[in-house]
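There are two complexes below, and they share subunit A, which is joined by subunit B in the first and by subunit C in the second.
After this line comes the complex of A and B, so read on.
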């Protein structure tokens, strides 16, 4: 009886609640992650897929995948994709957050409307951008041409030199609201009298931004950059809607390639190899982020 | 005067940002000839209403109800499993709690397109792919539950511990105090978080695409992608489909905008 009483009224109840959630995540997230590592070390083909008894081949899969001709191009694309997406999401997000920090009627409502981009399914966002960026009839090309920025239409989706950038543009659009929202929270936390004191001392707009806003926003900026990196490395839907990694891998990135290997060429162990390498990077970024926010809270 | 100048700039920026949404709706209303006119018309002249045709032709009723079922299942499991865990993680402050939170946060960052490989193989070995929508629900819960716990925790943290203690002194059991005192007080926060989880799952794509092979069980995202091939030209159809799909999402968003913004900001930076 005592056991049941503890369950109803003691810490047992609390432990049960947490354990249920953690057990679920263990079974459906942690175990699959470990399973990826195992599969990346195994030889898997159509015949051994259904069985558990698959031969281990050491690091041979890693060697094979890294020697594929497209591997380095995809690694480079992934780097460009993450770097440019995060940079522009941050710059535009910060500029918008600072603009909406000013007091004016309807300001907070307008800022909230930006989140409409965030609640949209990313696949639909990709479809819309594909139409905006269409080569012959796309409105983006029209605007660029009519303002004289370009003379010939850019074939955003089919030109191997720009295909990656079309996905980056859509991804920046998708990430702006979240960046802006988090940066607004950070900006609002800076006490107003700091700025007033600096203004009395004769600091101009620019020096106030460089010497007050940026240093005081350091923790927020770090968190936002880390979260943007993580979200950008999760981006799959935009690639599926816009370029499918093409033409000939010119816009392919690791998280899309891993899926292609597993589900288009049925190279499960190859897909697992890419997944393992990518997951290591994601977890490293996340661990740095969590560590820095914990440290920040203790200070 | 300055305030109204700022308002004008603010309206311009918001309009510029939301232009893709406007373009989706406009393109959904344009006739084929007008859609491919160059220069493009920013305001349609002859409006074509193709909602009914697209809805029927592309089986949207089936796709949308599958998406709805999957998102509903994900939300229910998330709320049932996540709310209690979030509450406990507010109550205690210890190394164990920190470790649990850390583990939960780590699970959140795993990209779906990478996790789908082991989940697919594992589920096929367990025979779960015979019920593919359930498989997608199980996978998606693992994806969004960390988010749910983190955000719900922030709104549960606002309820003072004293209220629960008082109920316990009055003879309520822990379960009773949780169900009758804490849950009603945190109702709004939990509801908004649940809606966010629902919206995210309503737009889920990778798991559905990879695990569901039968067209009649497929979701609205996969239905959309099936006519997004390399040489697609039915942009009126695609934009109409998109508009039908996202209008309910946008309506829910507009209605709950304030709450969503405050819920996210409270949870995201903790």
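After this line comes the complex of A and C, so read on.
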């Protein structure tokens, strides 16, 4: 009698599993993405969204969006936002991971507590930062002024030279715990005897970090950087809560702009164009991530 | 849900007929679906009025749904596509043209012509301009609000200013703001909102209009002066730099807390101010550009519309008539100004009411244009880039003007 076990060993079962996974990916990832690409090639707005009255206009939407006066500024802001956020999240995350690598009483509990910031909804985090960074009555300005570091209040959210960096600071704070956690796992995976051997060979702390920790962490670092880039490019809530991209787009980034185009001015085509351009960047980053996880398996 | 209700009503009727054969079925009950930005727990406008109407019309049931103000346009657009639009809805006055231009609103003119309740000639020009297109009418203003200048009379006295003489012109406003500003006590001379949202446009447009311009005439030398005037207030710290990120509600909170000596805002603030502001506050009309130059204020609040898809336009219009007949109550009960000439018995805050009503007579609708959202965004960008000196007032308004032109000629 052929039972379930035989079925599970058979080719049919394998094919079923593959089909299920593919069907899931197709319905919930590929279709929406393709739909976005299609919309970016059509003339479409909120009112024609559900109708068939949406003519294809080729790349004209792309041309239109890229010629908007704010386009390059937003591209530049997005670059700065992603680069600085990822860099500082990684540096501080790595420093904290190495700090908690030193065993001390309560160390692991404290490391757990660091995650508290990460589990908070970004909208809440944004609201708290908005309050901290308020120009006239903000806590940060109060501290800076009472310690004599600044004389005139910094208008964190309404000064166009500062606004983007205010969001970056909040985003770095938000992303540190996640970086620290992943990097801690990577550090823990490095066998202790490697360090011991190096120490016996006379390697100091610094050379052990440069010649052992960093090379052995390469795969982890690659993955963390890739994931951080992707998460940072998805960061919408902080902008909504803190600056709404203002003043006059000085802190606007692609992900927030895409939403503004689609849902504030009902220009679904324009919003889709920005989304598609972002998908391309994310796919590139994801390719790097996949490559680095493959390296990890080899290690 | 709506379909389910319909199905149930249908079933109930069918059951009624089946149970009483040969008996004339009761007049089928009609359910009107109504969307509003009002809150049920605050017993605002639509919720109590719908209940009152149901009592008077037992054959009509009203199903009121709250929609967030910021989601209303999107939700209404989506629902119209899928055929789930309500029968009656609230639409903010500058967006009537958007929905009208898409053919989603019912022209009420033929029904108004026969109506014994609604008389268009009684409406103030601003609110009427938002709904009337030629001889077609696409909504009934449910009320109105507008902007005026609140000022702290105690601070006026302390600064040696006459609290009975609020500023009448822009130069006077500037001079008073300067005298009232006191950085040591954390007091700004004036608060307003230049936030990058519709509120920023709402606050700025009257200034451009007082200078002779409008949303499609933004860069005349006088218009530039209007924006430069705002620039001057921020540059000299007579108003907080955070004016760029504060909503009207947040700006007024700084006035209530005594951190600003004047604030530009609307009548909706009166209930909160009467609780929070521990000083003698008064209201004056917005100052004009120069002595004797035209006075303009902004028009806020929205309209009750009937969607074209509605299957019960007759009953929906009866409901609109009932709502309109309650106009004398809107000030005292919900804090809107009446949008038409009606007698308000014992108005609350009588002195302030008089000022706001006078301001309303000069209030202009934003636009109208079917592309109002895009136009408004161009104006907000101009305000913000000039106030942060990323562009001069002239450059910013030139850019906005060319953007608006290309939006209109799209």
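The working rule: the second predicted complex is superposed on the first by the 261 of 299 C-alpha atoms of A that agree within 3 Å, B and C clash if a C-alpha of one lies under 4 Å from a C-alpha of the other, contacts with A are read in each partner's own complex, and residues count from 1 in each chain.
The criterion applied here is as follows: a residue touches a chain if its C-beta (ideal position, glycine included) is under 8 Å from a C-beta of that chain, and two chains touch if they have at least 3 such contacts.
Since the structure is predicted, the reported quantities are computational estimates derived from the model, not experimental observations.
Look at A:30: by the touch rule set out above, it reaches subunit B but stays clear of subunit C.
By the touch criterion defined above, A:190 lies against neither subunit B nor subunit C after alignment on the C-alpha atoms of chain A.
Of the two partner chains placed by superposition, subunit B and subunit C are both touched by A:49.
In the superposition on chain A, contact of A:136 is made with both subunit B and subunit C.
By the touch criterion defined above, A:266 reaches subunit C but does not reach subunit B.
Within the superposed three-chain model, A:160 lies in touch with subunit C and out of touch with subunit B [touch as defined at top]. Of the two partners, subunit B and subunit C, it is B that touches more residues of subunit A.
After overlaying the two complexes on the shared chain, residue contacts for A:114 are found with subunit B alone; subunit C is out of touch.
When the shared chain is aligned, subunit B and subunit C each come close enough to touch A:244.
Comparing the two interfaces of subunit A, the one with subunit B and the one with subunit C have residues 49-50, 134, 136-137, 244, 246, 263 in common. Subunit B makes touch with subunit A in their complex at residues 3-4, 6-7, 9-11, 13-14, 17-18, 20-21, 23-24, 27, 35-40, 81-82, 84-85, 87-89, 91-92, 98, 100, 102-107, 109-122, 124-125, 138-139, 141-143, 145-146, 149, 173-175, 196, 199, 202-203, 205-206, 209-210, 221, 224-225, 228, 230, 235, 238-239, 242, 245-246, 249-250, 252-254, 257-258, 260-261, 264-265, 268-269.
Here subunit C touches subunit A in the complex through residues 73-74, 77-78, 80-82, 102, 104, 186, 195-197, 240-245, 254, 259, 373-374, 377, 380-381, 384-385, 387-388, 390, 399, 403, going by the rule given at the top.
Here subunit A touches subunit B in the complex through residues 8-10, 13-15, 17-18, 20-22, 24-25, 28-33, 35-36, 39, 49-50, 52, 96, 99-100, 102-107, 109-117, 119-125, 127-132, 134, 136-137, 139, 142, 146, 173, 176, 181-182, 184-186, 220, 223, 227, 230, 233-234, 236-237, 240-241, 244, 246, 255-256, 258-259, 262-263, 268, 271-272, 274-275, 278-279, 282-283, 285-287, 290, 293-294, going by the rule given at the top. Considering their complex, residues 46-47, 49-51, 69-70, 134-137, 155, 157-160, 243-250, 260, 263-267 of subunit A touch subunit C.
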